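One chain, chain A, appears in both complexes that follow, with chain B as partner in the first and chain C in the second.
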Partner chain A sequence: MAIDQLLQAIPLDQLLIQTVNGIVAGMILALVASGLTLIFGIMDVVNFAHGELFMLGAYVGVIVLTATGNFWLALVVATLVIALLGAGIHVIALRPLLGRDPLTTILATFGISLVLQNYALWQFGPVARKIQEPFSGYFTLFYLDYPWYRLVIALLSAAIIGALWLFLKFGTYGIWIRATTQDRVMAQAMGIPVPQVLTAVFAIGAGMAAASGVLFGPLVGVNHAMGVDWVLKAFIVVVVGGMGNLGGSIAASIFISLLESYASIWVSPAQAVIFSFVVLILTLLFRPTGLFVPTPK
Partner chain B sequence: MSDTPPQPLITVDDIHTYYGKSHILNGVSLEVGTGEVVGLLGRNGVGKSTTLKTIMGLVRPSRGRTLLEGCAITDFPAHRIARLGIGYVPEDRRIFRLLTVMENLRTGLDRRAVTEARKKELLDKVYAFFPMLAERRNQAGGTLSGGEQQMLAIARAMMLEPKIILLDEPTEGLMPRMVSQIRQIIDALHRDGVAILLVEQNVPLTLDASRRVYIMEKGAVRHHALASQLRVNDAVIHQYLGV
Partner chain C sequence: MTARRRIGYWMGFSVVLALLIAAPLVLPAFWRSFLTEILIWGLLAMSSDLLIGYTGMVSFGHSAFFGLGIYGAAAALLWTSPPNLWMAFLFGLVAAAAVAAFVAYFSTRLRDIYFAITTLIFSQIFYVIIFTWTELTGGENGLTFRRPALAVPGLFSVPFTSETLHWFVLAVVTLSYLVLRRITRSPFGMVLQSIRENEARTRAIGYPVERYKIVAVMLSGLFAGLAGVLYAIQNRFAAPDFVFFLVSGEVVIFNVMGGIGTLVGPIVGAAFFLLLREGFSRFFTEYYLIPVGLIFIAMVIFMPQGLLGFMRRSLNR
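Right, the complex of A and B next:
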């Protein structure tokens, strides 16, 4: 009886729509979070400026798109420019802190995030800009016209994460990065230029943040504070997925996004965020190493 | 000294090294000639491992110099020192546990200067030395036994085509069969013209494998002799090592 009522209260079509929504949002979140977890897992740096790299990526995308009208060019240029900026930030602000208390890197990246955010406000003003999606087409999902573009972002995010995984798994530099993660001292003794590897990792993470900024730009407005929300969610995902665990972050991104999608059937999307925090708190209480990692022995 | 070769490969010149406030090395000087096997003996905690780490650039001396073929490398970062031809096999082996055997080898092998043909040659050589590594090339380093990890650590250092390998207690905790295998590897490397600076607790093995031996005490070299002299005069060994 009660189950019947519940099933009637949840229309199947809404459930399916929210599943698609959740997976799409989850893949974009996974792209932001995998940059964050890469930087944390390999460098032990909690990058509080990640959201600002995401935001600046979107702005570079706006500039290139306005100048050339080519969305894909904007995506590539933004990724490269922000990767370079990331390398610069690492060399100037983080490399000197190598070997110090990890807390110092939190202060440094937090400072950088304030500088970048206020730079964007000063440079671009408070009015949100819009990125035009590269194509506008819809397919019918029950009673909804669902934009193709959203599916394409999810697929592109998956492709970028997949490429990162292949690079880490098989490439020479991927082996260098994994060796550096496991034993920095021995990596150096094997001739691996560890400081340069760390700079490259930060640059890759920054580039991934920028790519997600451009890809996500068409769905939300581009403004100086757009990074804050996303990075907060990305942090939840990274903690829930297990700090530094790439696969865990992806699983957690989809899990959290689906949860929020389903929750917003009943409550407003703003309230649905509460569910993420509940998951975060429960994870920290009962499984502080992360939901998606094997129980440590 | 007449038994010191005229053109040393490695020169350690009066190095002083601190860990925080504790003075670990108190003016260590030694030399290793090209292709020479040199032993470094001493009790636990006299600074043998720190000497190797200082040569490798993993620990910075506050005073003194280290030279490779007459060029100062004291201030070089460790990865440059490795690329210049110094291989390092640390005491705790430090295998990359989550990397496969092959990936462990590739950390040293994937250098721009090495052609594909040369890579294959080097791999074939270590696989001939250590057939076990060939069998387990796709297995994670952390799943190997202690002896196998030691073989991998030596093979990994060989990937750098080093002029010298710094071997830190390679036989520690190994079964006798493995110990004699390590002994054979040292000989094989020596025949290949690779110099070795061997830190060991196993005195008979060190005297047997080395040409010259340095004995350390309290952060400095106290005695230096040909291994052949020490083999017949164990009073010195008894005095410094208590064995």
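Right, the complex of A and C next:
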């Protein structure tokens, strides 16, 4: 009897809708976080400016979209432009820090994030811009008209992450990157141009951030502070999933997004964030190196 | 340490202190409160230097301790009538210490970058709580309250003027500096510095490293809370913006600009940053962070020692 009432109290349809929402949000988060974890795992750089690259990517998307009207072109151009910007940032600000304490890279990228965020505010103003979604079909999910676009985002994110994984696993340059991760000095000795590889990795990570910015743009407005929330969430994901662990951060992204979606059935979305904080604290307590990495003792 | 060096150090200390005491008598009102503000931010940066410079842990969560100091003081000032200065200190310090104990317990399990990120996320937890708990904290609007009088119960009670406020803040900051200096030169402080230099070896010698780190974070949080109380008294409002992680980032910037591991460096860094902000906001208005950020990046790359880094040895003797 009591179990029956408990089952009645759980809104099954809402749970299903939130499951879909959570997976979609989780895939975008995974795209942001995998760029972050790639940069960290390979270069020992904590990229504080990642959220700003995400935001600038969305802005470049807005500009190209208003100029050409083609969403897919905007996606590609934004990715390339921000990847170039990332390469520039790496050459100017991060290459001089090679070989110094990794903590100095946090300081440098924090400075970069301040500059980029205020630049965006100065250039584009405080009013949020809108990216028009490329198509506006709906399908019926219980009482909701659920936009197809959201599912497409999730699939595209998965495809980009999959492509990255294949590239790292089988591509020649991917093998260079992995060799650089394992042993920088040895890789250099084998003739791999390590500084250029690091720049390329930073550019790839930046491009992925920009792509997720454009993809996510239609769901919320584009404004100068949109990166901050994402980078904080991505940091949580990266710590929970294990720093530098691609698979772990994808799993953690989906886990945390699902948790926040379910939580937002009962509390406001602003407070739902606290649930992911709790996950983080529990992870730190019991598995300080992340859920998916064995704890070294 | 030779006697001559010691005399040189204390001479320098007295000269700077005398200048700071005399400053409000000659400066116009704006620069007077500007100087007081520098001292308060300097105290916050100095508290963080205990972690960054002496223990080798970069905290990106000092806004939580600072903010809880502000909100603790705010609670005391709103509840007591007339507002009581010492209750503000008590409440602010207790709030900051409680938060610091909580953060210290969890975050010291991690090292280096992980520690930085964890403290950052902890400060965001408190930001979200303060931002969404509107009934208690006023949410986005924050709280405003009256400035308490400078009072010793049973002796005297006078309202603060901008001069006496400056001297009061200066006294608290100077005392904190002397206490922090004593801490860093004590056996405890030596263990902290050996953790910075070589954690594994410190552990191997037999020191309970985790316990030392927890105490270091708590001490640092306590002084950050003290800075928060002073800030509440000076500005008479509390807002969630002070708990946001950008404040923590600015504290780290003060440290790097001034020179970590010197205690006075962070105060100089705070002064340098606030002066830059003042100067650039005349030309760039609210976008002053663009040039300031560029200067900061350049300093990280070309001048990692900071402005006072060259004096690090002599200041720690």
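For the reader, a short list of remarks on this structure follows.
What we mean here is this: the second predicted complex is superposed on the first by the 291 of 297 C-alpha atoms of A that agree within 3 Å, B and C clash if a C-alpha of one lies under 4 Å from a C-alpha of the other, contacts with A are read in each partner's own complex, and residues count from 1 in each chain.
Just so we're on the same page, a residue touches a chain if its C-beta (ideal position, glycine included) is under 8 Å from a C-beta of that chain, and two chains touch if they have at least 3 such contacts.
These numbers come from a predicted model, not from an experiment.
Between chain B and chain C, more residues of chain A are touched by C.
Of the two partner chains placed around the shared chain by superposition, chain B is the only one that A:T172 touches, whereas chain C remains out of contact.
Judged by the touch definition given at the top, the superposed model places A:V185 against chain B, while chain C stays out of reach. Once chain A of one complex is fitted onto chain A of the other, the partner contacts of A:P193 are limited to chain B, with no touch recorded for chain C. No residue of chain A is contacted both by chain B in one complex and by chain C in the other. Residues of chain C that touch chain A in their complex: 58, 60, 106-107, 109-110, 112-114, 116-118, 120-121, 124-125, 128-129, 131-132, 245, 249, 252-253, 256, 286-287, 289-290, 292-294, 296-297, 300-301, 304. Those residues of chain A lying in contact with chain C across their complex are 40, 46, 93, 96-97, 100, 102-104, 106-108, 110-112, 114-115, 117-119, 121-122, 232, 235-236, 238-239, 243, 268, 270-271, 273-274, 277, 280-281, 284-285, 288. Considering their complex, residues 56-58, 77-80, 82-83, 88, 90, 94, 96-99, 103, 106-108, 110-111, 156, 159-160 of chain B touch chain A. Only residues 172, 175-176, 178-179, 182-183, 185-195 of chain A touch chain B when the two sit together in their complex.
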